[in-house]
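Here chain A shows up in two complexes: once beside chain B, once beside chain C.
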Partner chain A sequence: MDCHLDVFFLEALLNGVLLAGLLALLALGLNLVFGVIDVVWICYAELVMVGMYGIHHAYKGGAPFLVAMAIGIVLVAAAAALLHLLVIRPVLETPPINQLLVTGGVLFFLQAAATMAFGVEFRNLGISLGSYNVLDMSFSRSRILSFGVALLGMLALWLFLKRTYLGTAIRAIAQDRQIMPLMGVDSKKIYLVTSAIGGGLAGLAAGLMVLNYDIYPQIGLQFGPLIFMICVLGGLGNMIGGFLAAFVISQFIAVGSSCFHTEWGYAVAFLFFMIAIFFRPQGLFGGKS
Partner chain B sequence: MLELKDLDAGYGAFQALFGVSMRVAAGEAVAVIGANGAGKTTLLRAISGLIPARGGVLTMEGRDLRATPAHRIIETGIAHVPESRRLFPGLSIEDNMRMGAYLPAARAKFAERLDYVYALFPRLRERRLQLAGTLSGGEQQMCAIARALMSGPKLVLFDEPSMGLAPVVVAQVFDLVRRIRSEGYTVLIVEQNVAQVLKVVDRAYLLEVGKIKASGAAAELAASDEIRKAYMGL
Partner chain C sequence: MIPLRLSPAALAGFVAVALLPWLVRYAFAASEKYYLHLLVQILLWAFIYTGWSLMGRFGLTSLGHGAFTGIGAYVTVLLWNYGGISPWLGIPIAVLAATVVGVLVGYPCFRLRITGHYFALLTLALTEFVRLCIVGLRDYTGGSLGTQPTRHGDGISLTAMQFEPDRVLSFYIAFALWLFGLYVWRLVDRSMDRYALEAASQDEDAAASVGIDVTREKLKIIALSSAMCALGGAVFGQYQMYIGPDTIAGLGTSLNMVFAVVAGGIGVMLGPTVGAVFTQVLSEGLRVIIQNSATIKGLLGSAALALDSAIYGLLLILFIIYMPKGILGTLLDKRR
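After this line comes the complex of A and B, so read on.
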C-alpha cells in the first residue's frame, strides 16, 4: 500500500472526478430508458461499442472528428430505436425477465457481430490531445474535454426534459402510462423517442470514449458492469442519483487504483457497491424520480 | 354532439356494457348514475378510447370515434377527467397543465388558457410550481379539471369526481362541476353519489349491470320512488 495525502493522491482524486463525468453520461442513457420504459438494456455498453466503431470508421474514412462523432450519435440513436421496435416492443407486456433475456441476447449478438466484422484487435483514432501539467500532476486533455462535454450533454437533456412538451411527456409517461391517450399523447411514439435519446446519449459517450480508450469488440464487458453498478447504486431510474453515484464509484476506482493497484480499484469499488446495496437495496438515493 | 348506439364494451372475456344507447346534446349536462360495477367507468373509457368498443356506434359531432386512435380522440373536443384524478404526482401543477395542452393546437394557446384556468382556480396559480402529488384531495380535483380544460374541449367527461373525498370536499367538487357547466362546456358525468349529481345535471341515464334501465330529466329521476330507494337511501 502506497497511500499518502500528497500531490499524487490529489491527482488521483481529480482524475476520479474527470472519469465520473464520462461514467455519469453513460449511466444517464440507461437510467432514462429504465425510468421511462421500465426496461433494462443489458446491451447498453454494446451500443456504445457500436458507436465507437462507427466513429472510428467515419474518421478513418476521412470525416473530421466532429462529423464522425455526429455520425456516431445518429448511428446509435437509430440502433436504439431499432432495438426498441424489433426487440423491446414485442416483449413490453411480458415479465421483466424476458426483457433482460432478449437484451442479453442482443449483447452477445453485437459482440459476435463486431468480432466478425472488425476482428479482435484493438483500434484507436490516433488522436492525442496531450496533457496539462500542473505542479507535479498530469491531466489528460481528452479527459478534461470529455468531462466538459459530458456535463453539457447532461445539462442539455435536463433542459429538454424540463422545458419542452416532449420532455414533459417523457417525464409524465414514467408516472402514468395508461392515461397518456387522454392527453393526446401516443405512448408508442414517446417510447420510441426516449429510446432514440437514450441511444443518442450512448453515441455521445462513444464519441468521448474513442478519445480515451481503445476500441475492441469486448469493450462493453469492461464498462457495462460499471454502468449498471452506478445506476443501481444511484437508484435504478433515478437520473440524479446515477449522476451522484458516478462520482462516488469513480473515486473508489481512481483512489483505489492509486493506493493499491489498477485492478484493485475496481475490486474496491465493487466491494463498496455490495456493502452499500446490502444496507440500501433501493440505491443510495432512492428509486425512480 | 355525442351519440352512442347499441354500444358493447368490456375487458378481455368480461363484457361490461350491453347495447348502450344515449346522446348528449351541445350545452347539456348529462349524468350516468348507477351502482358500483354497473359499467359507468367502462362507458367513459370506451368513449375516450381507453378500451375499444366491441360493437355499436360511437360518434362525436359525426366523427366515428371507434375508428379514431385513443390519443386522437381528444382532438375531437372530448376531455376526460379520469377516476381518482390520475394527476402526474411527481410533476408540478404547471407541468400537469402542459400535459393537458399537449396537442399542437392547444400548445399555441397555452399561455391564454393557463390564465383562464388559473382565474377559475386561483389556488392552482398560488401553487403552480408545487408537485401535484402534494395537493389535498379537493385541490387535486381542481387540478385534474383544469388539466382537462387546457385542451380547449367542448365536452368534458367526469368520472366519479366525488369518489374518495371527504363529505365537505364532495360539495365543493359538485360546485366545480356546476361552474364548468356555467362556463359553457357540455358535461357528461358518471357518479354513484346520485342525490348530489342529479342536482347538477339536466338529464340522467340509469345504468344497471351494463344496460340502460331508465332515463329522463334529472328532477323526474330524483322524484322516482324506485331510484330514491335503490340509490339515494331514502
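After this line comes the complex of A and C, so read on.
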C-alpha cells in the first residue's frame, strides 16, 4: 500500500469528483423511473450499452458527434418506452419482485443480442480530447466535459419537473399512485413518458460514457451494480440523495483504486454500502422510509 | 426428524433417475461421457436451485446466492491448494463460512425489515463484493481466469475428493446430493417454520402480532439456504476441477438461480429441478443445433454462440409475464 497525502492523492480525489458527475447522471434516470413507477430496471445499464453502440455506429457512419449523441438519446428513450410497453406494463399489478426479475430477462437478452450483433471485441470512437495538466496532476478533458454535461442534464430534468405541467403531473404520480388517476392524471401516459425520459437520461449518459470508456456487450455488468448501489444509498427514488451518494461512492472507487488495486476500490465501496444500509436502511440521505 | 414416507410414484421416479446411467450406456453408448456430464450438471444445479428456492419461495428474493456458491467453491479449493486441507474438512469449513456470511448479512436485513427491491439489491451488492474479493486476491484465486484444485494423484482420489474422471461415480454423488436437497425441502415444507414464513411474507406485522419471531424464522431459512448453496458450489468445483468467478460466483450465477427456479416453478418441490433440466437442455440443445446447422452458422457466424442466451432471456420474460408459476407449477395447477 502506498497511500500518502500528496499530489497524486489529490489527483485521485478530484478525478473521483469528476467520475461522480457521470455516475450521478446514470443514477438519475433509474431513480426517476423508480420514484414514479416503483419499478427497478435491472437492465438499466444494458440500455446505456445499447445507446453506446447506437452512438458508435452513427459516429462511424459519418454523423458528427453531437448528432450521434442525439441519435443515442432518442434510441434509448424509444427502447425504454418499448421496455415499459412490452415488458413492464403486463406485470405492473403483480408482486414487485416480478418486475425486477422480468427486466433481468431483458438484461440477458440485450447482452446476448449485442454480442450477436457486434461481437465481443472492445470498441471505441477514437476521439481523444487530451488532458489538462495542473501542477503534477492530469485531468482528462472528456471527464471534465462529462461532469459539466451531467450537471446540465440534471439541472434540465429538475427544471422540467418543477416548471412544466407534465413535470408536475409526474411528481404528483410519484407521491400517490392511487389517488392521482382519480384527479384526472392519465397514469398510463405518465408512466410511458417517464420511462422515455429515464431512457433519454440513460442515452445522454451513454453519450458521455463513449468518450471515456470502451464499448463491449458486458459493460453493463461493470456499471449496473454500481448504479443500483448509488440509488439505494441515496434512497431509491430520491434524486438528490442519489446525486450525493454518487460522490461518496466515486470517492471510494477513485481513492481506493489509486491506493490499492482497482477491484479493492470497488470491493470497499460495496462493503461500505452494505454497512451503511444496515445503519440507515432508508438510504444515507433519505428522509422518508 | 420426519420419517421418509415415499409414495409408490415418487419411489418409482427416484429409481428411474437412479437407473439413468444404464439408459445412457445403452442408448447413447457413443457419447456416454457427454450425456453423463449433462446429467451431473443438471443434478448439481438442481440441488443449488433447490437451496435458493428454500427462501425464494417465501418472497425473500436473494441475488446474493452467487456469493454463497462462490464461497463454498473457493474456500474448499483454496484450503486444499494452499493449506493441504482435504475437502472432507474443507467443505464443512466452507459451508460454515458461507452460513456465517449469510447470517451476518441477513440479521440486519431482517431486523430492519429490508425486503423486496432493497433486499434484492443489497444481496446483489454482497455478490459483487465476494466476486471482487475473488478477483482481487488473484495471487491465490487466479483472478478472473479462475483456478483449479491441485490434482491428488491420477484419476480418482478419496482424500482429495476428486471423482471427476469416473462419470458414473460423479452421477451418483450428484444424485445423492439432489435427493438430500429434496429431503431438506420436504422437511421445511412440513415444518411449522413454513407457515410462519408464509405468514411473514404476506404481512410481517400480522405475523409478529401472533407471536412469530419473524427475524429468527428468516435467519433460520437464510442459514439453511446459504449452507446448501455453498455445499452445492463446493461439490460443483470438485466435479468441474475448475472454479472461476463467472462460472460459480458473481451476478450471472445469482440471476441464473433465480430464473431457473422461476421457470421451473417456485413453490413446488421439483420446480427447481425442472428449471435445471429446462435451462441445461435448452442451452445444450441450442448449442448442438447451432453446431450442426450450416444455415444458422452461415447467418450468424461466431455470434451464434450468444443465441442461446438471447432465447433464454426472451423465454424468461415470457415466463414471468404469462406463466409466473413456472412450468411445473402451471402443469400441477392444470391437473387439479
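Just so we're on the same page, the second predicted complex is superposed on the first by the 283 of 289 C-alpha atoms of A that agree within 3 Å, B and C clash if a C-alpha of one lies under 4 Å from a C-alpha of the other, contacts with A are read in each partner's own complex, and residues count from 1 in each chain.
Everything that follows uses one rule, which is that a residue touches a chain if its C-beta (ideal position, glycine included) is under 8 Å from a C-beta of that chain, and two chains touch if they have at least 3 such contacts.
Keep in mind the model is a prediction, meaning the values are calculated, not measured.
*Asks:* Mind working out whether A:M180 is in touch with chain B, chain C, both or neither, as first, second, both or neither?
*Replies:* A:M180 sits against chain B, while chain C stays out of touch.
*Asks:* Is A:Y165 touching anything from chain B or chain C once the two structures are fitted on A? First, second, both or neither.
*Replies:* In the superposition, A:Y165 contacts chain B only.
*Asks:* Contact-wise, after the overlay, does A:L145 reach chain B, chain C, both or neither (first, second, both, neither)?
*Replies:* Touch partners of A:L145: none, neither chain B nor chain C.
*Asks:* On chain A, which partner touches more residues: chain B or chain C?
*Replies:* Larger number of chain A residues touched: C.
*Asks:* Tell me the contact category for A:P95 with respect to chain B and chain C: first, second, both or neither.
*Replies:* second
*Asks:* Which bits of chain B are touching chain A when the two form their complex?
*Replies:* 48-50, 69-75, 79-80, 82, 86, 88-91, 95, 98-100, 102-103, 106-107, 151
*Asks:* Could you please specify the touching residues of chain A with respect to chain B in the complex?
*Replies:* 165, 168-169, 171-172, 175-176, 178-187, 289
*Asks:* Which bits of chain A are touching chain C when the two form their complex?
*Replies:* Residue positions touching the partner: 34, 40, 87, 90-91, 94-98, 100-102, 104-113, 115-117, 119, 217, 221, 225, 228-229, 231-232, 236, 261, 263-264, 266-267, 270-271, 273-274, 277-278, 281.
*Asks:* Quick one: in the complex, what on chain C touches chain A?
*Replies:* Its residues touching chain A are 59, 61, 105, 108-109, 112-114, 116-118, 120-122, 124-126, 128-129, 132-133, 135-136, 251-252, 255, 258-259, 262, 300, 302-310, 312-317, 319-321, 324.
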